[in-house]
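Structures incoming, each one as structure tokens.
In what follows, subunit A forms one complex with subunit B and a second complex with subunit C.
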Partner chain A sequence: MSNTKREFSVVGKRIPKLDAAQKAMGRAAYIQDIKLPQMLYGKILYSKYASANIIKIDTSKARALPGVHAVLTGEDVPEKMKMGFIKDNPPIKKGKVSCFRDEVAAVAAISPEIAKKALDLIEVEYEELEGIFDPERAMEKDSPLVHDHLKSNVLKMPWDIHYGDVEKAEKESAFVVEDRFTTTWVTHCCMGTSGAVALFDASENLTIYTNTQIPSLAQKDFLEALKAMGLKNKRVRVIKPTIGGGFGSKLDTYAYEHIAILLAYACRKPVKMVFDRVEEFKATSTRQPTIIYIKQGCDKTGKLTFRDMRMVLDNGGHTSWGATTPSVMLMPISSLYTVKNVKYTAKCVYTNNTYSQAMRGYGNPQATFAIESSIDMLAEKAGIDRIEFRKINKNHAGEETPQGLKITSCGLAECIESVEKELDFKDKSEKGVGTGIASLIHVGGGARIYGSDGCGAILKMDDYGKVDIFTGGTDMGQGLDNITAQIVAEELGLLAEDINVVHSDTDICPWDVGAHASRSTFVAGNAALGAAKKVKKKIQDFASKLFETPAEEIELKDKMVFVTGNPEKNMPIGKLLRKAHFSPGGNMLMAEHFYDPDNQNMGKELKGNMSMTYSFGAHGAKVKVDEETGKVEVLEYVAAHDVGRAINPLLLEGQVYGGVVMGLGYALTEEVTVANGEIMNANFRDYKLFTAKDAVKIKAPVIETDDKDGPFGAKGIGEPGCVPTAPAIANAIYNAVGVRIKDLPITPEKILAALKEKNG
Partner chain B sequence: MYEHNTSEQLGETLPMTTTISFSLNGDKISYEIKDHWTLLHLLREEMGLIGTKEGCGNGECGACTVIVDKLAVNSCLYLAIEADGTTIETIEGLASTDGTLHPLQQSFVDNGGIQCGFCSPGMIMSSKALLDENPDANREEIQHALAGNICRCTGYIPIFESVEAAKKMGGQNE
Partner chain C sequence: MKPFTYLSPTTVEEAISFYGQHSETAKFMAGGTDVIVKVKEGWMEPDFLISLKRIKEMSELHKNEATKELSIGALVTHATLEKSLMIKNEYPIIYDAVSNIGSLQVRNVGTIGGNLINAVPSADGAVPMIALDGVALLHGPDGERSSDVKDLFLAPYKTILKPGEILKKITIPAQAPHTGSAYTKFGRRAAMELPLVGIGVLLTLDDDLETCTRARIVLGVAGPTPMRAFDAENYLVGKKINEDLLIEAGKLAADESKVRDSVRGKAWHRREMVRVHVKRMGLKCMNIIRANN
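For the complex of A and B:
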């Protein structure tokens, strides 16, 4: 709690995003805007079937088209070039296709138009196979196999967990509820579509400009790709240009990147691959759809006794990171509210549908939808007020949850109280109006998914008091540039504008595991702070000699270095830096710091403190349901979050508002419509995002719990905004009109059908 | 240099070309275009004005919004040939020659109206068309004017606040 009373100069200030002016002037260069000399344009041909054998591909006509430089099929892909975390997915398929988005060929040509025309000239002969589209059906023994060599459609994953004794706890429970919930495919809808530009230099080293949230891990993937191509001991430089949104969609490397590399190598020219919007809908990954069975119980006083959850996840045709979302789902399942006995099994099942990836919240929104809907049902059954019920079971600092999560700072109770204060839960004045509440827990201090959860930072000061900081962290619009600048400026007594944040170039920036798990403020922030502290120490040591004062008495503030209690002994920091530089035995003030949090990988028993700290929140919604049309209007929304400390409230609100609206889409309107594996609504007319017309009034109270390990007390806030949104809305609809919708999205059709059933 | 040969190499009839004249951000422009080009293609791919973005190519997202004769249009649906004789404003023309941002640009910066920034040029152009026409636009009118501009980052609230703040700053600086 050391920071609580501290006055901050830069931390806590609403400093506009550092690159916002460039973007406002239209000067920021996105992948779409990159043009290199001799650049070719790549395009991908996708499968015509959800499941089929490729009998024959004839590319001769495409190759003969003037302007075409290369045509590749699965036969041209090196055997060991595979994608996905289990490395089972070649960037162009041969033999069998397992979903509509499977790549069957690719071309590079001198213009996008010629490349498109060449795709039309590729003749593919398929033998269509029976597809399987229902994951529960795919688990049955007589189901067609998506991948013949695997013998089963069920992935070998370890999600079979039992903490405590659920059977005993159930017997001893006074009240038990049980139900089934489903969530469907939704997609990121980044406004800038996916893309990459790959080029090889004369020594066959690769540079790739790509939309990625994981420059360092992408570099590793591409190095492996080069190795598979027979290019050993080469260098890979990953540069992320400005990107038009991430939201988890760029947490893996994808076929289009690998194909750009293959084409660039085949042609020895730069190759640009940029998706159009239809392709973005059809060939990028979704949020993992789930079928959730949940049973929870409580004693007479409302204390939770157990939680038992079973899930079936539609894995689609291939395995990407979506298959690991149960590891994050486990967090709310084991640790949202205090509950000692927990059981969780999850099965990921191959189907011939599209496959899933990380998306903001990474499984947490799905799990929390079921948990918080069910909590409302349990509170009602126990005859306890729904808000009171949540307070009875609230998490608290000092708690260790069954999964082994160590709760250090916890503002859940304050968040619930804050929502109660801002929203009138008793208001039943109008017909069809109702209120709902739902809470969240999320990782707030990194997440140890890999061997390292670290981030590096290199800080150098010039002769004039300006700082360049090279961070491993990645800004994708969320504001890591500001967070880094404000933390460094605070520590060194400078202004945010004095700090130049360089990120997302693997030739220049240190390693980082990526912009995921709401970890950047905490982990990259601590890396930057660590580097700043080292430089500060050097400044203090130098000034100590200059002023003949102990180093501890040297302060840095307002771009000045001065002696505590003796402010006339001072020097502008630029002057001091020049003195340090241009003295005999001169010294440039630089430092590096690698911060790897002391969190744990979950071992074989699936226990461990995966994050240094956890973020909490509570959301409240007031809705009006039109019983004639089934339409839901969100009248008021309150999203209270425990963020440790708000480094920049302006950007923090942006994360919360954006998260909430994404969550409202998840709750009410968004759905990738899939018919026998084919996506039917690959455009913004039919995929219903919230527009400016649908915008909702949102209040975003901030609870500061000053986390002991966070940089200046901060915890992560990137994802929480969209985690409890769907259950808050579902609970409000139930409160309004007495129907509980258990399948997302909650469309007017579903509400009308439920009302009809209820009213007879 | 390649693009000009495209149609010929495709073995198709060479498209018609037309020379059009228009005003672009205050400059008088004369440009030989192919008749099938969209205004977006002309601006971005031919003239290198990358500030105008393509988000969908189908008139659904508003990222490509520019102002033609005071009206906000989706330049991905607007044929370049129709621009003959018009006055066009793009995001590149908003800031003053001394570098001062237009009040809308400044207020989007100051109020958190920009995160990833991909929708921002289109958002700002739609907002400008609105305020030029209706300097006192209320929240509902702002929402209506921006209904065709999708933003996935901000939840729209900071964007509305940006437009309202720009109103107070006096709308135009021209």
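For the complex of A and C:
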């Protein structure tokens, strides 16, 4: 059903974030604000070395410190308590540490200060081992092993993919370009640092307050943790406080959560663990760093013939979700622009560096940086205008890509045209000024990573026309509360303020896979819409009896129920609901809905339509490069996205602005500096996150393609803002001063060095 | 954070006597943008914090119209200097330096005295004070003494101040006519940024508006303490200034600088930035002088 011509009352309105006032007035309760009776404070002792054997740990002095309730080491962790998707990482290590962030002990005490003091009193004797920090070196046969029980540092992972015939296509290509690109560690920089409060009741059921984007999966992880602790058939309740930013960082359960559980159990008191900023930098996971080899070709007319990519990923000391990013990288590699022959291999290699996690875009920004830089190079080699080249190869609705992605709606061409309209690509008037463009594809209709890609919603209406909707979805600041409220309000003829969105408690809210893959608007939105439709049907049925009119002729709008074409037959919704409630054989207005999109898990063949629909975008940048200093100033930025439909343009723009600024940091300034495994810039002084003063003015044209499966036509747009930013900037720099920087971030040093080399 | 007793004297004498009572267990504090951070992080653990904020005379910014001497109380905030039209018009190098320190919030409480006494190689505030031949007035248990600002620094975080001594104010002698001055911070970000290098240039020209009679080229983060590039200064004095001369001065200053590699930036690039920005600030000085005539 097409919604294009439909008039909306609430959808499409610029309604400010529902909890904005609460946050602005300091009343929102973050994990830092949670305080429970008898609560203790936990702290973690980390490794002193990147690679070492733990010879001895003496905790006696720490235990003797007044106020200390428990001290745990790796010996106290149940054998089966492991984290990470291959469950290879115990929350406290014993025997060997393989990176600086490895946990070696933890304490609980009556104050954070005493807990910190206790850490200083723990004596650990290490035997330092030779570390390995370069993943390409770690792949060599004579490299030291990060994990002794494994025969190689290379993980057993499946990415060795060949669609079509790349060798043949290369031979037949008129133009071929080949290069190497690298991307480095960057981190989420959530303003709210990580933390959890764990407590057990008298029956040993666990309640945990924690910053998570995956309440249902976290509940499962914690149940397994309890099982490992010998606590079988217990309950786990996950409560999310207000979350100060997610960006993918909260898509796994972490050592600090498991340690909080262990400490709470050991002390039989609530235990709170909250990271300080240094810890947030050092002990949370980064974006996956990559070394990318890319080769692409086209025919004489500029049509892409093949794409061949090989990647080496630094897996760090342990395996977290970062190791699965190649699966998402496969999406742009196989499907950004139409290309039939695709080859892709990726190897994740253990090193003694930090390890990576999901981060906004989940591998897509890394892959797109290489692809879109290389596309520019190929267009130049073929002598075709870079924008024309992209139009020649644009994706289109109805296309099935080599990976099996089925493109239903596609506004890529409109996005490119919109960027062209907003940014003057021909302007070469000023020295050092240049323009660049880059496109993106991303999942926009869920992503079947697990067996289910579903989300549940429960909706109930009270006697006054107010709605409580309990969603499995998570709001971590991105705006799912508004999206849910606006979708429900639209369907039920109410105002957004009539809808109370509850998304914070696994005891109350139904199941959901998690707030990842830009899926919440699409999947949680469809779940909410499904529940709202069921309740609407009930209202229509009841009103139909009351007005003696067929149910399909009952309309809900402006908090009124009325008969189509006969508006004087009407009643305020609240009044109708009270009648429903108080009449004999009374009715309760409640419904539940579980939405699981009809997308496919890629399986072993790594083929399949992972999402119901795909979001597209094109970014254009105009930069000025100071040729004496290498410094880049972003003069103009346009980020056009095909979003299906903007449920709330205000929040949508916020997502795009935030994504672009994150992408600009990735392009130009952000880097976790790692020296022999040690993070050297664990603070906001030296980790160059863009400040408000650095932010540039961004135009964010919205292309609405009205997706047939999206709620009111909407597709996901959480991640795309930061996907093609780095290549758009890199391409603009090349256009400005003729040097191509292939390693992120593009610092003034790198540009100046390249300029000096070019100019001799 | 270790708890401390907060003392707030209203006169310099009282502040010094507080220090006399508590000696090493006490620490002076001006705006607190460095000290409070250090205390919170546990890098500094005083039992007593002696806040100088309520000492009125230390917050005065005053230009003596007769002698043309500028007096800047140590507690004058960066924001006060930034917002003063007199500073902006007559001492542009001060304006350039203080208007990009930290953020608006930091500048509202951070002080010029604190910036100097903290004695980091990257102190933006130190460069203009040295370029303007500023003199620091110190007051301690043994009375008053003064020092050129350029001689204030011994090493990172280390000044010539003796225990219990306070920096009361900085005086800037009358500026000769046909003087222009400018500062730039080269960094990666537009705010909350320490300079990779900070470059200040001051030029005084003869009545011909060409011949240089005085030059000050001051570099931040180019060594353990803020430093003057004497070779470059001497090269310019007595010559008719043009762009080529300023390019040469930039080269000399770059050679003199003791920049080094760090996590924040490479030495070769910092040296390049000294070279480029000495020229640019020199040109800016020339423009200022010509615009004022």
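Just so it is clear, the second predicted complex is superposed on the first by the 759 of 760 C-alpha atoms of A that agree within 3 Å, B and C clash if a C-alpha of one lies under 4 Å from a C-alpha of the other, contacts with A are read in each partner's own complex, and residues count from 1 in each chain.
FYI, contacts are C-beta pairs under 8 Å (C-beta built on N, C-alpha and C of every residue); 3 or more make two chains touch, one makes a residue touch a chain.
It should be emphasised that the depicted structure is a prediction, and the values quoted were computed from it without experimental measurement.
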First (subunit B), second (subunit C), both or neither touched by A:Phe85: neither
Touching partner for A:Tyr464 - first (subunit B), second (subunit C), both, neither: neither
Touched partner set for A:Glu628, first subunit B, second subunit C, both or neither: second
Which superposed partner A:Tyr450 touches (first subunit B, second subunit C, both, neither): neither
Which of subunit B and subunit C A:Glu749 touches, first, second, both or neither: second
Subunit A residues touched by each partner, larger count belonging to subunit B or subunit C: B
Which of subunit B and subunit C A:Phe582 touches, first, second, both or neither: neither
Touched partner set for A:Thr669, first subunit B, second subunit C, both or neither: second
Touched partner set for A:Gly477, first subunit B, second subunit C, both or neither: first
Partner chain in contact with A:Arg685 - subunit B first, subunit C second, else both or neither: both
Overlapping contact positions on subunit A, where the subunit C interface meets the subunit B interface: 113, 684-685, 690-693
Subunit C - residues contacting subunit A, complex: 1, 103, 186, 188-192, 194, 263-266, 269, 272-273, 276
Subunit A to subunit C touching residues, read off their complex: 113, 628-630, 669, 673, 675, 680-681, 684-686, 688, 690-694, 747-749, 752
Residue ranges of subunit B touching subunit A (in the complex, touch as defined): 2-3, 5-7, 9-10, 49-58, 60-61, 63, 90-92, 94-95, 101, 105-106, 108-112, 114-121, 124, 142-144, 146-160
Touching residues (chain side subunit A, partner subunit B) in the complex: 14, 16-17, 19-30, 32-33, 65-67, 110-111, 113-114, 117, 188-193, 242-247, 276-277, 476-479, 650-651, 653-654, 656-662, 683-685, 689-693, 695-696, 698
